[in-house]
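Consider the two complexes below, in which subunit A is the common component and subunit B and subunit C are the respective partners.
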Partner chain A sequence: MEQGAPSGSSPSRHHSWARWLNYLQITLLPFGAVFAALVIGAILIALTGVEPGFAYQKMWEGIAKSNYQVGLVLVKATPLMIIGLGLGFVFNSGVFNIGAEGQLYMGALLGTAIGIQDWGLPAWLHISLSLLGGFIGGGLWGLLPGYLKARHQINEVITTILLNYIAIYIVSYFTHGPLRDNPFAEAALPQTPEVQASSQLPLIWPPTRLHAGFLLGLGLALLLYLITYRMAFGYKARAVGSSPAAAHYAGMNTTLIMIIVMVVSGGLAGVAGTVEILGVQHRLRDMFSPGLGYSAIAIALMGNNHPLGIILASLLFGALQVGANNMQALAGVPVTIVDVLQATVIFFVAVSAMIRWRAPLRTLLLRNREASS
Partner chain B sequence: MPAPLLEMRQIVKTFGPLRANDRVDFEVQTGEIHALLGENGAGKTTLMNILYGLYQPDAGEIYWKGEKITLHSPRDAIRYRIGMIHQHLMLVPNFTVLENILVGLPSPREPFLPINETLARLEDFAAQYGLPIDPTVKVKQLPLGLQQRVEILKALFRGADLLILDEPTAVLSPLEVEEFFAVLKNLVGKGVSIIFISHKLDEVLRISDRITVLRQGRRIGTIETRHATQQILAEMMVGRAVALDYSFPKGGATQPILELKGISLIRPKVGRVLKDLNLTLHSGEILGIAGIDGNGQEELADVVCGLIPYTEGEMLLEGRPIRNPTPQKMKDCGLGYVPADRQSVGLVKNFSVAHNLVLKSLDDPPYNTYGFLREKVVRLNAQQVLREFDIRAADLLQPVGELSGGNQQKVILGRELQLAKRLLVAVHPTRGLDVGATESVHRFLYSQKEKGIGLLLISADLDELLALSDRIAVLFRGEILGVVPGETDSLPAISRMMLGERLEAIV
Partner chain C sequence: MNEFLWLPFLVSLLAAGVRLATPLLFAALGGITNELSGVLNIGLEGMMIGGTFGAYIGALLSGSEWGGALGGMLAGGLLGLLFAYLSITWRADQVVLGTGLNLFALGLTSFFFRSMYKAGISQFVPSFDVWNVPLLSDIPLIGQIFFRQVPLVYLAYLLIPLFSFLLYKTTWGLKLRCCGEHPRAAETVGVNVTRMRYLALILSGMLAGLGGTFLSLGQISAFTEGLVSGRGFIALAAIIFGRWKPLNVAFACLLFGVADALQLRLQGFGLPIRYEFLLMFPYLLTLVTFVVFVNRGDSPAALGKPYPEK
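Entry: the complex of A and B
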């Protein structure tokens, strides 16, 4: 295209136009997805005999009526944000980690195991050790599929899904066995004892439930932004994701990079699990996660794998969850409808992400076909 | 003049902001070979895809044998007896010649195939058109030249009054081109009309009756071939006067810089891709590697640049062996590499121009301090390279995938020439580029030789090799069949080696 595919008189104007359109697409599509889900939700709510306007009003009140509710939204958003950050990081490298759920469990297990120890440590040290344990637990659970993918080309989607089950049952074993609280009590629940006060995350906005884990999430977002967009490693990791052949050609160690991003993403899921225990639940329960590791996949997609987008998407999901609970309690919308509503949001987000990815592909194809004339 | 066989009037086709065809008129007379000439991106293939029903035009009319027609899909085109041979052949490699021809033919006894009838007719047909071929051979076992023959037979068999040939000689060696042209003449004698798409001036001048030139989507003109010269056509194509025949001064090689000793490469499931290669490249020398595509050229480049570990042999840099070369290690040895696939190997398409220019130096000073990329230095470097190599980009941060092929290639050159302190490997460096861009790429390559760098130039374009190389080695099925001086007199020997004869057998 030196004399080019006849691109008209002003190629540069065309390019900036196309780039703006792309930005617009990235920002608007998720909103469209949420809107579409709300419309479908309204129809379903109406079918249950509840007036949708009333239901959504209760939903909104649940999100923003009081500081307490806002705090609750942020609490719900926190683990999603931290997992989502790790997933965005690993997706940028073209590795599709579906194993955040299992990594979350393994991280929570190790983090809790440290959190319940009565070592008489100062809080900052005990918390740090627990979080580190969470990172290591999740990281190891990411290392295995990462290594298999990078060295032996074994599909990471399959291995990570399978490892999810293993992780959940390992935690089940520990909460029923070695780490069970009060094992000889009459009606002992499958859960660990409460973590030490010294390892619990401090509340930062009393009287709301908001804990320091939220700030940790924001800090991690900044850190990942710097790594991804300001450091040489981030450029390499993204090169591996968008063009593995080019990365290899450019002398990058693609194997090592894939393994590192998998460990980081697993580690962050592990940190998220630990934060959830140290900040909210205070004990590790059998089957404690309502699929956080799966929801976070949608969050990373919706946030376009960018830390800022992921923060916003996790806030949205936190709000939907808290609002939906309120809608269920006060408007009498059945809990299943609430589940459907959330699933619909995820569905539309996924579809909009696909549209976003395919559109540039289409223009590319046309250009190539043109160029080979 | 009688009514033309085909007339396309005022055809317009746009892709987004791109005007691929802008009010193009085009006509073909019965029994002529009409060449459609233009640079890459001039709109030739778009126009022909419209004629074959693959694209619908935004405006304009098509008249076929005097009647106005609308083509909704290739099925319509086939019904009107229009056949098209695409640049990339569309055969099923695992099927025999006969099976490939049967595919898509209507059968008189559905769902069974008319195997015996077709076989009988095919032999008549092949003889009649001078296209002999064994119908029982699997297509994947045939050389590209014969595969192309199968495509032509397939089109003729379905019935074709007009054949569209999209860059048909791109996959052929010089001797095969001769044979192919004889076939075309024969077809015209049998009443088939031909549209011959090309950007090669000499071929067009030799084979066609008339030539239509497109540039940037517009028809520049149609002339009778007997009135045309290379100079006239080149000016019509490019829009300005161009230097066509240029050759660079030869000689100036000094001491050996890179030696390959008995290099072999065996790939799983493929077998031996490179066989016992022995080559010496000198500083200040351009060593050309000729061969038909797919004879191990790209593997040779990948092996030398450390992308693929070789199976046997030894590689010496300035007399010292390099153990387990990797891309990183070879870069550190002062090697630059312009790969064959610039789109998906040479560049990260969604990275900016500036970042692609430092793709191999992300960890090196001055671009990296404590792991952070120094954006200012990256941009400064980009500004400088853009100026030096005349790269046309909207701005430094424009994604490199949005640039034209020529500008993408200059981005790669801009990066690799910085790294090429001792060696440069370039594979098909001007493939798909227009005349202007080709010329500047050649100058950049030659300037490296002047600096005393050893150049390994792998190309399928013999003119390019002859213009630049001091010596030319010919690769055939992974073997080097001979090395000859890079001069026009070597051409017959090169052509024969490209088809598998050893140099010793020729001389």
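Entry: the complex of A and C
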């Protein structure tokens, strides 16, 4: 249990050819995984008596038939991308945070609580404060299991999953109770009032529903890339993931690093939840997330914990989601097939992380190089 | 509160606690087995989910609740086999796989269920009825709590001593635990680690599937999505809380079962506590006991590590 998620490429230097082979594998792998998932999906669809070709055609039309649909893909990809970035960051340190769902809820709760306040603030400030609230809410929900893991070696998988259920009930309490919109109405839904216009994320590609949260996601990806691969902290965080003992003996404060990456990961999940409210739903509803925090695990794994890979994987999963909605409406295939596809991707990525076909090649290349010099 | 009858309340609370602990116990006994063999199975939740649906289909096809139990065990066992293939033969990361397996079971059952019933409502199938154990059920209090239950609960009672014996008193159990403590040493003395771990995972899946069966055929005689909702993880916590000993784990499960029964009862009391907090209570209790009582020294030494190492 010491080694959580498979960490990405280790910070050691590879021989350049071997490095290219490594890149090739990392690039080809997700395509293989998705192809395999789609094949399995086709078998399942056929089992229910629907022609897979027809179903997948409806899926494709759902993704690409209009700008509006493309915008929807980007909208769906946005929270997945932001959560996935945080998860990639924490997985790199060998901590397996599966509590993104709860962190998303707690972030959305605090972000929405700020977003509905009528403070008369300018939009940039109100949005920033809400997002900051989202980061703090999610970050605090990541702090507890991070602290327990780093300081007391308490398995983060169990604590984070239990905290997910607790967070969902906390949000349920607030949407039914203190934050409920118009609680005296006869048929009041368990949801908060709409967030103020000053805290809603602006639409950036009208008439589609794409909002500025997508750009925020891309910006965060750049930021995390710089932290992970261009700054000392990112090097340390990855070193903790590669070998906690070695990192400790090298004088790194592994406890503090683990806690920080958990807080960042939880905070980003919280930002994602807030972005989903400020950009799309505008109200916090009871049970509003269809398992975004779990899907993002598949995204981080598929993207090899690398920001660029995570952007691509989230676009792909966003497309699958939008396409599956269309497939459900027009071909009668239940949308939950997306969960099966995501799980299949996780299986393939987990298995192929163990295939060491590049290792013998690398040894061979290095030996040739030594022989020639 | 003077007129409140404490004794009947307590008896019905404990009886419900035993009932709600049963699915946890089935899954936990399975989890003990695979953890002692050295495999960490986060996918217990998914195996239970598979069991709820497999049992429903089994009961639907066979027209009998026992056929349902077979279906539940079959579904769980197949998921266990899948987990074994990916984690042992391919040596993939067990935590990642377990998470994938949970998503897989959730998606697959929901996909098939919604394909079968467009309205999302299942039909009723044969389910387990309460069977009073002759004589024992007449014992005051004890009989009412423990012996007026559905047959699967009695099966769970039998499995506790059976697994204590099997895992801790037989040669097979010793070999199994050896695989979890020091697989290389086990291999040296002629134990086939791969085969033992496969067996443990399939057995674990079947037991978790039986736990799932209890949820769909022991409580409601139908299938709905979200029947398991975290019970697989509570079972995992119970394993650690009970330190891999079947009897202790059974008490841990009973504690969580009673907590669940208590929150269900308190909801009807009109207490000044919001029901969301009552619903949260079993998870919160699990979390607190897990954090406070977790004993790191006792876990199998090779838990979660693929074998051979490279």
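Criterion: the second predicted complex is superposed on the first by the 312 of 373 C-alpha atoms of A that agree within 3 Å, B and C clash if a C-alpha of one lies under 4 Å from a C-alpha of the other, contacts with A are read in each partner's own complex, and residues count from 1 in each chain.
Just so it is clear, a residue touches a chain if its C-beta (ideal position, glycine included) is under 8 Å from a C-beta of that chain, and two chains touch if they have at least 3 such contacts.
Nothing here was measured: the structure is a model prediction, and the numbers come from that model.
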{"item": "Touched partner set for A:A245, first subunit B, second subunit C, both or neither", "value": "first"}
{"item": "Subunit B versus subunit C as contact partner of A:N182, first or second or both or neither", "value": "neither"}
{"item": "Touching partner for A:I166 - first (subunit B), second (subunit C), both, neither", "value": "second"}
{"item": "Partner chain in contact with A:R230 - subunit B first, subunit C second, else both or neither", "value": "first"}
{"item": "Contacts of A:I154 with subunit B and subunit C, given as first, second, both or neither", "value": "second"}
{"item": "Touched partner set for A:S66, first subunit B, second subunit C, both or neither", "value": "neither"}
{"item": "Which of subunit B and subunit C A:T27 touches, first, second, both or neither", "value": "neither"}
{"item": "Subunit B and subunit C contact sites that coincide on subunit A, given as residue numbers", "value": "1-6"}
{"item": "Contact set on subunit C toward subunit A in their complex", "value": "40, 42, 86, 90-93, 95-97, 99-101, 103-104, 106-108, 110-112, 114-115, 118, 229-230, 233-234, 236-237, 240, 274, 276-277, 279-280, 283-284, 286-287, 290-291, 294, 296, 303-304"}
{"item": "Footprint of subunit C on subunit A - complex, ascending", "value": "1-6, 44, 48, 96, 98, 148, 152-155, 157-159, 161-163, 165-166, 169-170, 172-173, 176-177, 294, 297-298, 301, 332-334, 336-344, 346-347, 349-351, 353-354"}
{"item": "Subunit B residues within the subunit A interface of the complex", "value": "15-20, 22, 38-46, 87, 197, 215-218, 238-239, 305, 307, 326-328, 331, 337, 339, 341, 343-351, 355, 359-360, 362-363, 367-368, 371-373, 375, 392, 394-395, 398, 401-407, 432-434, 436-437"}
{"item": "Interfacial residue positions of subunit A with respect to subunit B in the complex", "value": "1-8, 11-12, 14-18, 226, 230-233, 235-236, 238-239, 242-243, 245-251, 253, 363-364, 366-373"}
